[in-house]
Structure formats: C-alpha cells, structure tokens
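Pasting the structures here.
Two complexes follow with chain A in common, the first pairing it with chain B and the second with chain C.
And now, the complex of A and B:
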C-alpha cells in the first residue's frame, strides 16, 4: 500500500487512452494530459504503456510507501525526493518499505507522472480506470486522491536503473512559447478569412481559468462569415452559436469570443463552433504549459497529425530505454 | 434543409463530424441515430464510437486502422443504405417527469446572477415569452409543457439530455446567457437555441431557466432502482413529458427520491416512426397555440 500524506493539487489516477466508447452518453475520455510522459513512466517500470499511473499537477503529493516498489517519475520536474534525497527523473528507482516520496512545485512544465511497477490497482468503470474528478467517477472513489487514503498496487516485476534516452523524451520549453499543431475544422466555414489569419498569427495567452476540462485563451476577437450571422434561430443568436453538436476532443471551442481548447475532461457536446482542433500529438504541450504562457498555432493536415501521433507512440516503447 | 450528400468535416486526427442538414427536425436526428446504429451493427473497422446529436454524427476513429478518406467512403456507403422513411421505427420510451414551472429555486439562481454578474438581466421566463411573441409567462408555461420532448442526444455532461419539442407549435428560441451563470441547481430545466435540457447536477450554466424537476437524471449512489445498472436515467430516442406540479408536490417527490421509494413514470414499450410522425405534423393547424 502507498499512503497519501499530502494529496497535491488534484492528483489523479489516469490510464491511457482513457474512457473510450461512451461519448454518446456524455462521458469524457479523461486520461493523462501528457500521455507521452505517462507512457514512458510505465515502460520504465515494466508496465503496459497505458497502465494506470498518477498524474500530478502544479503541486505534487507526498506519498509513504508501506511496501517495497519500483517507481519512475517523468514529465514536469517536480524535484522528486525519497526521504529528502533527490532522485533522478526519467529513471526507474527502487523504493524500500517505509520510504516517503515527495514531489514539489514543478521547476519546468506543469504535470508529472508517477508509475509504480505492477500499476495502481483501482476498479474499472465504463471501460477505464482513469479519474473524471468533476464527474465523481473512475480512479480512487471517483475523485482526485485525498490525504489518508491508501493506494494499492498490483504485483509487478520492475527493475531499477533503467532510464529513458534523452532523445525519446518530450522537450519541455523554457522560453514559455509553444508551437501547437492544429487541424482546420470542423466548423472552419463559420470564420472569415481575416479571422483565420488572426487565429494563426496571434500569440494566444493561456488563462489561469484553465483546468482538465478546458484551456481558455486570451487574445483578439473573432470575425465571422455570413453563415454565422445569417442562420436559422435554432442555431442561437450569437455568431459563434451553432445547433448543438458533438465536440471533438481537442476542439478549439469559440464560446462567444473566448476560445477554449476542450481537453481530456471537457464537454462532449454543445452549441458553439469549433473552427480548429488540436490533435492528440500536441496534447503533451498543453499538459506541460502553465497559465500566462503563449501558444502559437501551426496548421497541419489530418495525415500529418496522425503521423506525429505514430512517431510519439514509437518512442513510448522499450527501444527508448537504456541501462544507467 | 438536408444536405445531399452530407458534409464530412475533420476534427483533428481522430474525429469525423458528419453534418446531415441545417435545421432542428426529427428527420435529421433520425438520420443521425440510424447511421450510428448501422455503424455499430456493422462493426466498421477502425470506428471506436459515435455520438449523434440533432443534425450531426461525430465519429471517433483509430487512424492506425482506417484513414480519413476511407472512413468517409465507408460512412457514405452506410448513409446511402439508410432508409428512415417507410416503416422504419426507433424504440422510444416515454417518461413523465413532474416539474415546477416558475419555481422559487431557479428564481434564486436568476437573482444571484443579477446580484453578482448582470443587474440588467430580465427574468428568463418573461424574456423568452417576449422573444417568442407569447402573451405572458403563463402562456409560455403552457407552450413549453404542451409537447413531448425528443431526447436527440446525451452530452456535455454525462447523462445530460439535448431535447427538441416534437410538436412544432411548441418550438421556442432563446439565446444563451453571456456571460454564463456560476450556479444552477440540479434538476433545473432550461433552454438555449431551440434545445431544452435538464441540469443533472448543481453547476454553472448558459441556458435560460424556468422550471425544476425533483426526479434525478444522474445518480452515482444508486438511490433509485433505475440507477442500479447505470448512473444516468435517459437514453437517446427517449421521449419526455413535463407534468406541471406544485412546490408541495415537488417537495413530497424529493423526499421519496431521498428515501428511495419514488416511482419514475416510464412507459417502456413504445416506438416511434417518422412516417407516422410526419403524418401527424401535416395535420396540425400551425396557427393554433396553447
């Protein structure tokens, strides 16, 4: 068992790819925001890449191990310590029973992943072990972990002393400016040419009013096409209103004038347009950025976005691991 | 208007959005529901899930198994085989839910909004009545409660219904709150565009609000037998009727819900056919309002 001494900021068990198959009932996918880092943490400790691991955000938890374990910490650098001794990120580490793992504020990045050999043992709910914290389902009793809880772990066969090769890790930016891939559509025909140009040339600032449901962006106003102004009343009266429709995960949802990127725990449906969609290959960048950092959007094709996701998946394998 | 052929729009690397048309009609939602059912029945390679809404179908696919162009071809083939006319029927339960219209709880939520966000916001029932050329809020209540609602989709939040009125004379329009409310009580009934919804839990919201039902539509704690199998009550293609009730009746029902003894009125055995529905609509006097 692993005892939660301090929970951190909504640290939650997530698995990858998450809760597929229930969008038609309104269940979001959930899952890790930076699945690249989480998959590598699992590979380090001998788990399947998508096995349930702990996602820690902005302020890490303190966990006491009441059993021996092999762990790996990846993603944002929360300066992990075992009993006050620093341990390496991106490396599998042996923990002895009675030791305490502390994760602090991230020096770089926003989200850190903790995998334990054997993986966290939580019940499956609607096809996933991942947590939808706001909906109260999945993970540990439906929510982020709480102080005093005990987390159980399945038996694993992890080995200490393995690390992820430098070139296989996501490169978390230090200059606070992110180039984020977008695919045009589905509702790009509601925005006029000037609106498209403005979207692709603006430095969008990530608002502090962002969480695992949506990333709000501050920037200029949108301008729209004839279709947005001249439409049947069932679409709604605001130019950005459209008759309610399914939302792709990653949709850039224009809520009136505020673009919100709908991320892992976001709404599956609603009545605003989505002129662009952030593909899965760019989600790790969203997951590792902090409020007031800047996004510059770069348009890619559907096929390019799919290839980039394949390239990342190829890195989340044993081939990326070396002995220390 | 029905698009011929439908529009196939990309949504990132894993989604295809199919738009069937540009209006809120039962016909377009039938297309979406039927294509979703066909896709599931044929177990199309690479399709992970679909989510029908009023006039669209969102398709989530695995690009390692099918590429976008091939998926469009496959969905076009299925679409061409869909025949919603004739004797085609969809299963459709009918649920009757008591609801207090012009209730004190949504009134409190509106007051909170006026106090904290926008002092000039006209009360929602008066606002909708005016916007839709109705005589007063009482007529608004008669019109809103005077139709069965079609559950076109569940979404936004798990188990939240997006519904359209089946009686076209009861079609109303309303803009959304801008900016949204920070609080809406669980069970609130509201509308935005021409869609009516029920709020499954307390939370923020953007629909105009005017009524509240004591019947839960989302329950993780399995308080009533209907929630033993699943935490949501409603399913796409259900129909729902609001039965106006008093505050006292609401509170009595609420007590029964918390005791686990409330009986939800569900007629399980019904079906709906587009042919019969269109026949009924064609006989209506559209000038008549309630």
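And now, the complex of A and C:
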C-alpha cells in the first residue's frame, strides 16, 4: 500500500485513453492531459502504456510506501525526492518499504506522472479506471486523492535503472510560448475571414480560470459571418449561439466572446459554436502549460494531426527505453 | 531566524492578508494564490514579524519558488 501523506493539488489516478466512447451519456474522456509523459512512465516500469498512473498538477503529493516498489516519474520536473534524496526523472527507480516520495512544484511545466510497477489497483467504471473528479466517479472513490488514503498496487515486474531516451521525451517550452495545432471545425463557417485570421495570428493568453474541464483564453473579440447574425430563433440570440450540439473533445468553444478549450473533463454538449478543435496530438502541450503562458494556434489537416498522434504513440514503447 | 515563504505553485495572487510589521503566528494564512480555479493558501511556518512582502493582489503568471513573504 502507498499512504497519502499530502495529496497535492487535485492529484488523480488516470488511465489512457480514458473513458472513451461514453460522450453520448455525458461522460468526458478524462485521462491524462499529457498522455505522452504518462505512457512513458508506464513503459519504464513494465506496465501497459495506458495503465492507471497518478497525475500531479502544480503542487505535488507526498506519498509513503509501505511496500517495496519500482516507480517512474515523468512530465514536469517536480523535483522528486525519496527520503530527501533527489531521484532522476524519466528513469525507473527502486523504492524500499518505508520510504517517502515527495513531489514539490514543477520547475518547468505543470503536470507530472507517477507510475508504479503493477499499476494502481482501482475499480473500472464505464470502461476506464481514470478519475472524473467533478463527476465523482472513477479512480479512488471517485475523486482526486486525499490525505490518509491508502493506494493499492498490483503485483508488477518492474526493473530499476531504465530511462527514456532524450529524443523520445516531450520538450516543455522554456519561453512560455506554445505553438498548438488546431484543425478547422466543426462550426468554422460561423466565423468571418477576419475572425479566422485574427484567431490564427493572436497571442492567446491562458487564464488562471482554467482546469481539467476547460482552458479559458484571453484575447481579442471574435467577428462572425452572416450565418451567425441572421439565423433561426432556435439557435439563440448571441452570434456565438447555436442549437445544442455535441462537442468534440478539444473543441475551442466560443462562449459569447471567450474561447474555452474543452479539455479532458469538459462538457459533452451545449449551445455555443466550436470553430476549431485541438487534436489529441497537441493535448500534452495544454497539459504542460501554466496560467499566463501564450498559445499561438497553427492550423493542420485532420490527416496531419492523426499522423502526429501515431508518431507520439510510436515513441511510447520499449524502443524508447535504454539501460542507464 | 528569518523564514522565507516561497510560492508553492505557479498562478495568480488572489489575496494578500499581511503587511510589513504584522505579528503572525505559525499556521496563520499569509496569502492565497489562485490556480485551476482553486484557492491555495500559504501559511506562516513560524511565529514572528513580517519583514518583507514581495507580492501584490492581482499579480498574474507568478512562478513557483519565488520568496513572497519573509518572517523574522
């Protein structure tokens, strides 16, 4: 068992690809925001890439191991320490029973992943072991981990002394400016040409009012075409209103004038337009950015986005591991 | 002995509850940050007098690790 001494800031068990296939019932995907880092943490300790691991955000947890284990910490550098001795990120490490793992704040990036050989043992709920914290389901008792809880781990075959090759890791931006891929649609035809140009040329600032449901962006106002202004009354009165529709995961949802990227725990439907969508291959960038950092959106085709996702998946395998 | 209270997370400064010269007790809330729509209070590690306050309400995009308040 692993005892939670300090929980950190909404640290939660997530698996990949998450609660896939239930948006029609209102369940978001959940899952890790930076699945690239989480999958590599699992591969390091001999788990399946999508096995349940712990996502830590902004302030890390303190965990006491009451059993021997092999662990790996990837993603943002939360300065991991075992009994006050620093351990390497992106490397499998042996933990002896009685040792305490401390994760602090990330020196770079925002989200850190802890995988344990054998993987966290939590019940499956609607096809996933991932946590939907706001919905109170999945993970440990439906929520982020809490002080005093004990986390159980299945028996595993992890080996210490393995590390992820430098070229296989995501590179977190140091200049606080991120180029984020977007694909057009589904409601791009509600925005005028000036609106599209403005969207793709603006430095959008990530608001601190952002979480695993939505990433709110500060920037200029949108302009719309005739279709948004001259429409049937059932679409609603605001230009950004549309008759209620399903939302894609990653939709850039124009709520009046504020764009909100609907991320892992986001809503599955509503009545605002989504002129662009952030594809899955770019989600790790969202997961690793902090409030006040800047997004510059770059339009790519669906085929390009899918190829990038396949390229990342190919990196999240044993081929990316080397012995220390 | 001076105690430096560092920001434990990146984010915005929502409330600053102390000023230079205030006497505080261990466990008193000094300031509250905001990140991911959550409040993150920071508490005094020890009794003492506030000798420096390096943050202001409304500051955005602060990085973790900066010394926000010093208690002596």
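Throughout what follows, the second predicted complex is superposed on the first by the 324 of 324 C-alpha atoms of A that agree within 3 Å, B and C clash if a C-alpha of one lies under 4 Å from a C-alpha of the other, contacts with A are read in each partner's own complex, and residues count from 1 in each chain.
One rule holds for everything that comes next: contacts are C-beta pairs under 8 Å (C-beta built on N, C-alpha and C of every residue); 3 or more make two chains touch, one makes a residue touch a chain.
Not measured: the values here are computed from a predicted model.
Superposition model on chain A: chain B and chain C are shown accommodated side by side without a clash.
In the overlay built on the shared chain, the residue A:106 is in contact with chain C alone; chain B does not reach it. Once the two complexes are overlaid on the shared chain, A:59 sits against chain C while remaining clear of chain B. By the touch criterion defined above, A:10 reaches chain C but does not reach chain B. In the superposition on chain A, A:210 contacts chain C only, with no contact to chain B.
Within the superposed three-chain model, A:127 lies out of touch with both chain B and chain C [touch as defined at top]. Judged by the touch definition given at the top, the superposed model places A:291 against chain C, while chain B stays out of reach. Taking chain B and chain C in turn and counting the residues of chain A each one touches, the greater count comes from B.
Note on the superposed arrangement: chain B and chain C approach each other to a least C-alpha distance of 13 Å. Partner chain A is touched in their complex by these residues of chain C: 7-12, 34-38, 40, 60-61, 64-65. Taken together, the chain A residues at the contact with chain C in this complex read 9-10, 57-59, 104-107, 110, 208-212, 290-293.
For chain B in complex with chain A, the touching residues are 9-15, 17, 19, 22-24, 36, 48-58, 60, 63-64, 67-68, 153-160, 162, 171, 173, 175-176, 178-179, 192-195, 220, 231-232, 236. On the side of chain A, the complex with chain B involves touching residues 20-27, 135-137, 142, 183-187, 231-238, 241, 243-251, 256, 267-271, 274, 277-281, 302-303, 305-306, 309-310.
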